[in-house]
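See the structures that follow.
Shared chain: chain A. Partners: chain B in the first complex, chain C in the second.
And now, the complex of A and B:
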């Protein structure tokens, strides 16, 4: 991995960009997302967030478990407007389910 | 989590700004430009996490009150200078705002508003449906009766506003501390003397309350009651497309709005039953309702995919205009800059200028009486009629 290695392909963010951001004091993942845009492109973080979190944890010399996780937003997969517009007007209640980060970490 | 905070470096500042959003950082930058550089900006979280990071990026001058038009016009001029002034690109694109209406009654109000706006130097005009269809490719105007259009209205990407103003203010000596929460205010002799935070107390000569939906709580710490209420509004973004949509399109019958940002994504939200809450969860109801309106107005977008949805707060006042300036019932050195009711980002450049002028002892270049907190008690509040989303 070189400093020019692409970390986030959607938003053209390199390892170097990430290191500079951390050196500037952007310490948590929410900072990094909002400062660099990592995880906000078409993949919505599926391709980059884990790598970026690992890198951030290493740069800060803290365990990965101590890193914050960015809020993953619905929908999990992109859905066309036409499908959403045709959705049942009175859907069954949504099932109880754990949040995306429950069960993760200590 | 460890090591997140950037606590204040000193125990005393000339001015402390609570809230590191577009409004707070614009004020800090304008203070620094006036030579007041002993300034601390405090935010309780990461930056760009409040309304500045959650809004749709619209910047318009089509308002129904003179004071809002004035703030919007001068702010638009400041946005045009932003990149050269701060070195940060806010992706400003002046494609205009197109307001569609479906009732003759509303069209009459739009006609009146357009005339009012053009008297104040805004290039708004009523347009027919064929012209609306030319401006918005694929627009289905069935059921519409007319539209208004101002070619100078714009969209920006709001996030770099924060980084640009922060960097420019820091270059001039301003300090920005994040992940520091204000827990109380100490007052003496009708003035705020200290802010208490979760990381120690900070003394100040001036306090600026510019923390959006949390402003009501900070004001209450000084015994001041603001009428602001946080309303939950939802918004979504689509996958990026080739540029095709120039104006911000608004349907006044539903408060539906959609624009295409410079990344190619469609960004949109709509009116509805906005609950008073700080719960920012997303709902399927919004996705469905927005998608239905999209299929009605822009049926060609059927195959376009929704990428992400989220919610945020409008900090809403009874007349949908902000509370600006020093409140008579509050501390004499506490400046209020809140209650922006969904249009704080778009007027943040001028609000920064006005509040900095106030703190610097200069005469604010726009009369602040229309924004005084006391207007609600005196019955002088004149409601802004063009709030959407």
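And now, the complex of A and C:
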């Protein structure tokens, strides 16, 4: 193991990578995401994005409120394609099921 | 490998002393458990040919064939780990090996062999039965998240007669309460909801709200797709565990406090015999339970470096190196904002963390959409 401080474990992006990118002029979060891949790995930014945003704001000496926020697209966890493919099927609008929701709705 | 009732793949493997589950995609650094909530994606394994299965939240079952990912050899001794040593200062792929063309072609082939996350099955996997169904439902009140705040929201509105559907991705309600002695009352709420003690509340466990599309919340329940509309939505998704920043912060054996608690309280697995605490002081309840299980805390403070191969063996606290086999990080978590953002809720920074902007009673900027967050875990 060499000495590395990982900012993003999914994509093996180090704190050094981030600092170099900011020094090279990648100035907003979307730039950083496209250049380094931070937030694009299997965790989809859950572990790293907020840390990366704070680091970027610190390095650029700007308030966090001026930072652009990454778009977190669905699905929030990996799911099988088959589940998404079901969206193409005809829906079953009134499933037979007991419970408190029975008889309510539009 | 022996498995106890309630075990996940991660807890069974940790108990058996298997901390290195796979390797990372670029430098082939060892990877293992961290958050134990299915969020950090560092514990992926291949199960029965399906890649990228989180070991920490997948129930262990007899006969499962579990393999490491991204290794040449074994996860513990991965021959491609040499990449990490060769590129000691990191490897910047931008513009590297781009010419002449023959070198570029060879480089791309090599990269595709060496990097990546998991291996897709070569053959199409058959879908069992009729395959996933698409179902639609309209409810008065949908609560996403069965932790303390979600349970309280469901209970409060059910008592007002508002029919409520409560969903949580875990097999049991309660969020992290089962592994936190300070949350006994949450366990009582969870037991009440699971037993149907609140007539207006129906609870679905094992149900992931994976996205918000317009006014539809998409659920994966079993392998079915449920499209749910609701007059009122309460999102109580909890927090992600923050990631520490010290040298070799990614070594297996570095765990979030919640991850360590889930192993210890949830599965009876000792996170480590000699534990170093990083960040805020480790709670007394955790230290007591650790000691009762045969472990102890050997140091606490701000860890600046971890060392060991392929798992944690030492932690640096100030000028001193402390021998340990686990580093437990007690850092403030960050609110899970994904569903809020997809629903169009305005987000803002509160005390340095990104969170949905809320008004009275957790109302977000989207009408009918409410947020419920507790204090930091």
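Of note:
Quick note on the criterion: the second predicted complex is superposed on the first by the 82 of 106 C-alpha atoms of A that agree within 3 Å, B and C clash if a C-alpha of one lies under 4 Å from a C-alpha of the other, contacts with A are read in each partner's own complex, and residues count from 1 in each chain.
To be clear about the criterion, contacts are C-beta pairs under 8 Å (C-beta built on N, C-alpha and C of every residue); 3 or more make two chains touch, one makes a residue touch a chain.
Remember, it's a predicted structure, so these values are computed and weren't measured experimentally.
Once the two complexes are overlaid on the shared chain, A:42 sits against chain B and chain C alike. By the document's definition of touching, both partners, chain B and chain C, reach A:73. Once the two structures are superposed, chain B and chain C can be ranked by residues of chain A touched, with C on top.
By the document's definition of touching, both partners, chain B and chain C, reach A:85.
On chain A, the surface touched by chain B in one complex and the surface touched by chain C in the other have residues 35, 42, 44, 67, 71, 73-75, 78-80, 82-85, 87, 89, 91 in common.
Those residues of chain A whose C-beta lies close enough to touch chain B in the complex are 25, 27-28, 30-31, 34-35, 37, 40, 42, 44, 60, 62, 66-68, 71, 73-75, 78-85, 87, 89, 91, 94. Within the complex, the chain C residues that touch chain A are 24-27, 29-31, 34-35, 38-42, 44, 52, 81, 84-85, 87-90, 92, 94, 117, 127, 131-140, 158, 163-165, 169, 199-202, 208-213, 218, 220, 223-225, 227, 229, 240-243, 245-251, 305, 307-310, 334, 336-339, 341-342, 347-349, 352-354. In the complex of the two chains, the chain B residues touching chain A come out as 1-4, 6, 45-49, 53, 159, 163, 178, 238-240, 282, 284, 287-288, 290-292, 294-295, 301-310. Across the complex, chain C is touched by residues 1-7, 9-12, 14-17, 20, 35, 41-44, 46-48, 50-51, 53-54, 64-65, 67, 69, 71-80, 82-93, 95, 99-101, 104-106 of chain A.
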